[in-house]
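Structure below; questions to follow.
In order of appearance the chains are A, B and C, and numbering begins at 1 in each one.
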Amino acid sequence: MNVSLQREKQDDAGEATAVADACFARFIDVQKSYDGVELVVKGFNLDVRRGEFVTLLGPSGSGKTTCLMMMAGFETPTHGQILLQGEPIDDLPPHKRGIGMVFQNYALFPHMSVAENLAFPLQVRHLPKEEIKRQVARALAMVRLDDFGDRRPAQLSGGQQQRVALARALVFEPELVLMDEPLGALDKNLREEMQYEIKRIHAELGVTMIYVTHDQTEALTMSDRIAVFNDGVVQQLASPETLYEAPENAFVANFIGENNRLHGEVIESIGDRCEVRLDSGETVAARPVAAGGIGARTTLSLRPERVGIVGEGDEAAFDNRFQAEVREVIYLGDHLRTRLEVCGNDEFIIKTPNAKGFPSLRPGQTVEVGWSSRDCRALDA
Amino acid sequence: MSESSAIPLTTADGIPLKTSLRRAVRRSRIRAFLLVSPLLLFLVVAFVMPIADMLWRSVDNPEVSTQLSRTAAALEGWDGESLPGEEVFAALAEDLRVGQEARNLGLLSSRLNYEKSGMRSTINRTARGLRTLDPPYKEALIAANTTWGERDTWQILQRETSPWTLSYYLAAVDRQLSPAGDIVKVPAHLEIHVSLFWRTLWMSLVITALTLLLGYPIAFLLASLPLRYSNLLLILVLLPFWTSLLVRTTTWIAILQSQGILNDLMVALGVIADDARWQMIHNKTGTIVAMTHILLPFMILPLYSVMKTISPSYMRAARSLGGRPFLCFRRVYFPLTLPGIAAGGILVFILSIGYYITPALVGGQSGRFITNTIAYHMQTSLNWGLAAAIASILLFVVVVCYLVFNRLIGVDKVKLG
Amino acid sequence: MPYNDNRAGKSGGRGLVACAVAGVSLVGLSSLAQAQQTLNIVSWGGAYSMSQQKAYHEPWMAQTGDEIVNIDRSGNALAGLRAQSQAGNVTWDLVDMLPADAMIACAEGLIEPLDHDELLADAPDGTPPSEDFVDGALGECFVASIVYSNIVAYNSEMFPDDAQPGTIHDVFDLENYPGKRALIRKPINNLEWALVADGVAPEDVYDVLETEEGIQRAFAKLDTIKDHVIWWEEGAQPPQLLADREVAFASAYNGRIFNAMVTEDQPFEIIWDAQVFELDGWVVPTGKLDKVRDYLYFATDTQRLADQAQYISYGPARVSSSPMVSTHAETGIEMEEHMPTYEPNFATAIPKDDEFWADYNDELTQRFDAWLAQ
């Protein structure tokens, strides 16, 4: 489909806008408190580039939605500044910010038809009737709901409503679109489908998107960059790959993807290699990332898929090897998920492909597991 | 459909599926019916029967046909032109004699007095004086009371022999039957009901509009405040319900009367002169003020319950789409509260149409409702037929309002709290 | 029961209002069932019921051990009697009502015809009741106990000492006696006074009112003060309105004004000119005569009627009671001059014509309401 709402304006961008492109939307030291006692957002900094897809990821109550609402103008920062294209927008009321927004429950006006919903932002901008009609038709086509203009939102399925909400947020050609957990109410299949749909539209329109979710898979799938929130603070802001492969602290490691944790104390640290004595007594070689000096407590983070069963001749690949007892085996089709007791941790998970050459494990069995010290990251306690 | 009739489905033991299903649900049906039966009984006794009774009374006309049965029979052949013959007068004398002995002429004389003032004493005096009268009765009765010599007396008697009558309904809309049987307006100095109906409807509309005007912001505040504040406010809204209606109404008298608090304050502030105090009670103003206050919760609660369900994200969405605050309110929030406005409106309107204590206490002469007339005919004049006719018309108006409301808004969309 | 001969079949299903009335009365009764006999006596409430309580009920209960329950329903007594009768469950034993209502109730067979000379006590000198009671006091089903009066009273502080009103003309004279008037929201009394104020002699009032011209004349006279009238509906309102100085004049029952003057020390004065007096007394619901026979004999004797006048300024309906009327029980005021029947008060009195009002009340009330609404 060759429908595009892309602005010509973008082509006018000269040298001067190069800076603005780099930090299209900025949060500078933004703090927010509702009650004057507790900070919900503690010093939030973020630069969003033009055309970027940035996700704010975090558990509920971590302050990510509040940041979004401050950008939209529904909440005022207690401290700090928010810039849009280089201009502070603190004094700009929401309806003058020109930001598209998709809400968690879609917020489609139930008393208006789909077409009327889409026409609303155009009508308030006093576009001519014919133009409105054309734009609405284009927007409907973009989300593949050409024949649904006359329906009421209540007559649509959840996925269709979602697409209408998306079309409504885009129909007036905003440069920035905010999305507040837009897929939270959909079932798993539909959610995945919509993820691709949103990605497609994002790519097609080149619009800048700030997306809020608590679903890490969603964040990993869609984003250019992800800001991981916890407790009002951004724990790490990085691309999905970096977040997964190189989490900078225990929270990120734990929140993104599955993670085995071992607690211990640093006993030696040279360059990018350290030795950690676990609480259960074993010594593990790891890669120091956010661990303190010798004697500091640390949490070792280890992705399940990076742990292997040590077979004949594999010894060289794993510089950490331990005896493990199989506790539970869960059959998941393409792979097996096995829970083991390793180094006193009986929640230790490994994933093994369901393929030829991999041994089948039974509960009670004792095996040797191993991993590379490069994959084992020593993080904060 | 056609398959099911061709091959009746059966359960495993061969019983037709339908029979089996019926058996299975019978128990739960019986239990459900037993559970609702006390309510059903209550509704029938407290609601259906009184309304049926009222409708019936508004057309019931047994007095002449039963009490003056002989006269009625004798009048059947009367041409309605000249005075009836001796046999009618004799039948009347006999009816009255029997009635006087049984002492049951009271309702008859009341009934005929509605049609023609003076008939009460005519009947009673004639009945008491019958002992001294001798045939021929025509001359004797006319000599005893000239009313019997008037043709319209007999025309009324003949007309009212029918076991049912429209005259109560006609009286309720300021019409009457002329002696010749045509529907005519009552003399101007007796016209009262139609203007009272209009006044009741008009003032109820004003009261409804005022409760909406005052209640909408309050409901909005209630719906948008945090729960602990809104609960407190809700208690304040409901507080009037815990006070007796009479107390609330009398309080308004104390505030609004010409020597009352408000006037005293205005005089003290120099806004008005002592001899030009505002007349705010015992007139329309009094009724409107007191009833708006009393009915306000009935507007606030439905509005509140609707507003509470409107997610703030609708307004936010509208704002983010570029609408100025007032436009967002008008195009998005206000339409969404329409079911609440409709529910509150119909509730307040119907309640105020039926109110009578408050208008009676603070309405004076210009703030009275048609309901006060119903109460008067129920309790004082004892013209229950007329009271029933007026009440039936009021019921009809309410039902029409409800149907219009249902057509426009849909009753299923209404939330009352 | 003669009344029920041809309506009995229908009455059961039709008396729903009656059911409710009877139900309420029953609840009141049940807790008192142990007393020797319980009499449910319906009256007007307030000061009037209190005077009956003191003069009749208390001595009777002391004497017999009976229990007397006061029910304040006389305002709607006729409706109540009808409803109870239609429901077939009459719980009232004795009812205090006006003779006009009694006439209607009697014609409907709701109350017992009374043989006065057989039922009532002779005067102390042996005069039979039929001669001892004042004119009109004994109806077919009715025996009066008091004579009361509808009068106009005024607040004497609202007029200069040398220009106090004195006649019914002054009530209609806005120029010399400015101020609001409180009048009963009914045609009764108002039409009579309007005609007297317009020059009709008190004894001719009802003859004039029976003509269309007379009615127009009365309404025309009322028109002259209409804008200055507050219409009242409850007997307690006029003394209150006078005391609050909301009005300068108020029509009222003379007993209410007397009470305010004597027990509350209000500066009220009564205009006795053209007082419309009427009687009030007992009727016995059908079927209750045997139950209340003794009480009725007791409560209508000469002494009891004289006693009642110690508590309220209504005149006794028996001639033989008058000499025994003494002083007010609480304040010791001489009662005689406060009685409607006191000679100087009575000179221009109008006896209310019950038959006229029985015939014309419905029509004139509607006409009065229409006139009010204009």
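Operating definition for what follows: a residue touches a chain if its C-beta (ideal position, glycine included) is under 8 Å from a C-beta of that chain, and two chains touch if they have at least 3 such contacts.
Bear in mind that the values here come from a model prediction, so they are computed numbers and not experimental data.
Participant: What is the shape of the graph in which nodes denote protein chains and edges denote touching chain pairs (line, ring, star, complete, other)?
Facilitator: line
Participant: Would you identify the chain whose Cα-based centre sits farthest away from the centre of chain C?
Facilitator: Most distant chain from chain C: A.
Participant: Taking each chain's centre as the average of its Cα atoms, which chain lies closest to the overall Cα centroid?
Facilitator: Given all protein C-alpha atoms shown, the central chain works out to be B.
Participant: State, to the nearest whole Å, the distance from the C-alpha centre of chain A to the C-alpha centre of chain B.
Facilitator: About 64 Å separates the centre of chain A from that of chain B.
Participant: Please report how many Å separate the Cα centroid of chain B from that of chain C, as a whole number.
Facilitator: Chain B and chain C have C-alpha centres separated by 31 Å.
Participant: Centroid of chain A to centroid of chain C, CA atoms only: how many Å?
Facilitator: Here the centre of chain C sits 89 Å away from the centre of chain A.
Participant: Which residues of chain B touch chain C in the complex?
Facilitator: That would be residues 49-50, 53, 56-57, 62, 66, 101-107, 109-110, 113-114, 117-121, 124, 189-192, 195-196, 257-259, 282, 360, 364-366, 373, 376, 378-383 of chain B.
Participant: So in the complex, which bits of chain B are touching chain A?
Facilitator: Residue positions touching the partner: 311, 313-314, 316-325, 327-328, 331-332, 335-336, 338.
Participant: What part of chain A is in contact with chain B in the complex they form?
Facilitator: Listed in rising order, the residues of chain A that touch chain B are 72-74, 93-101, 103-105, 107-111, 120-121, 124-125, 168-169, 172, 178.
Participant: Spell out the residues on chain C that touch chain B in their complex, using ranges where they run on.
Facilitator: That would be residues 2-3, 5-7, 10, 13-14, 16-17, 75-76, 78-79, 82, 103-110, 113, 185, 230-231, 233, 244-246, 355, 358-363, 365-367, 369-373 of chain C.
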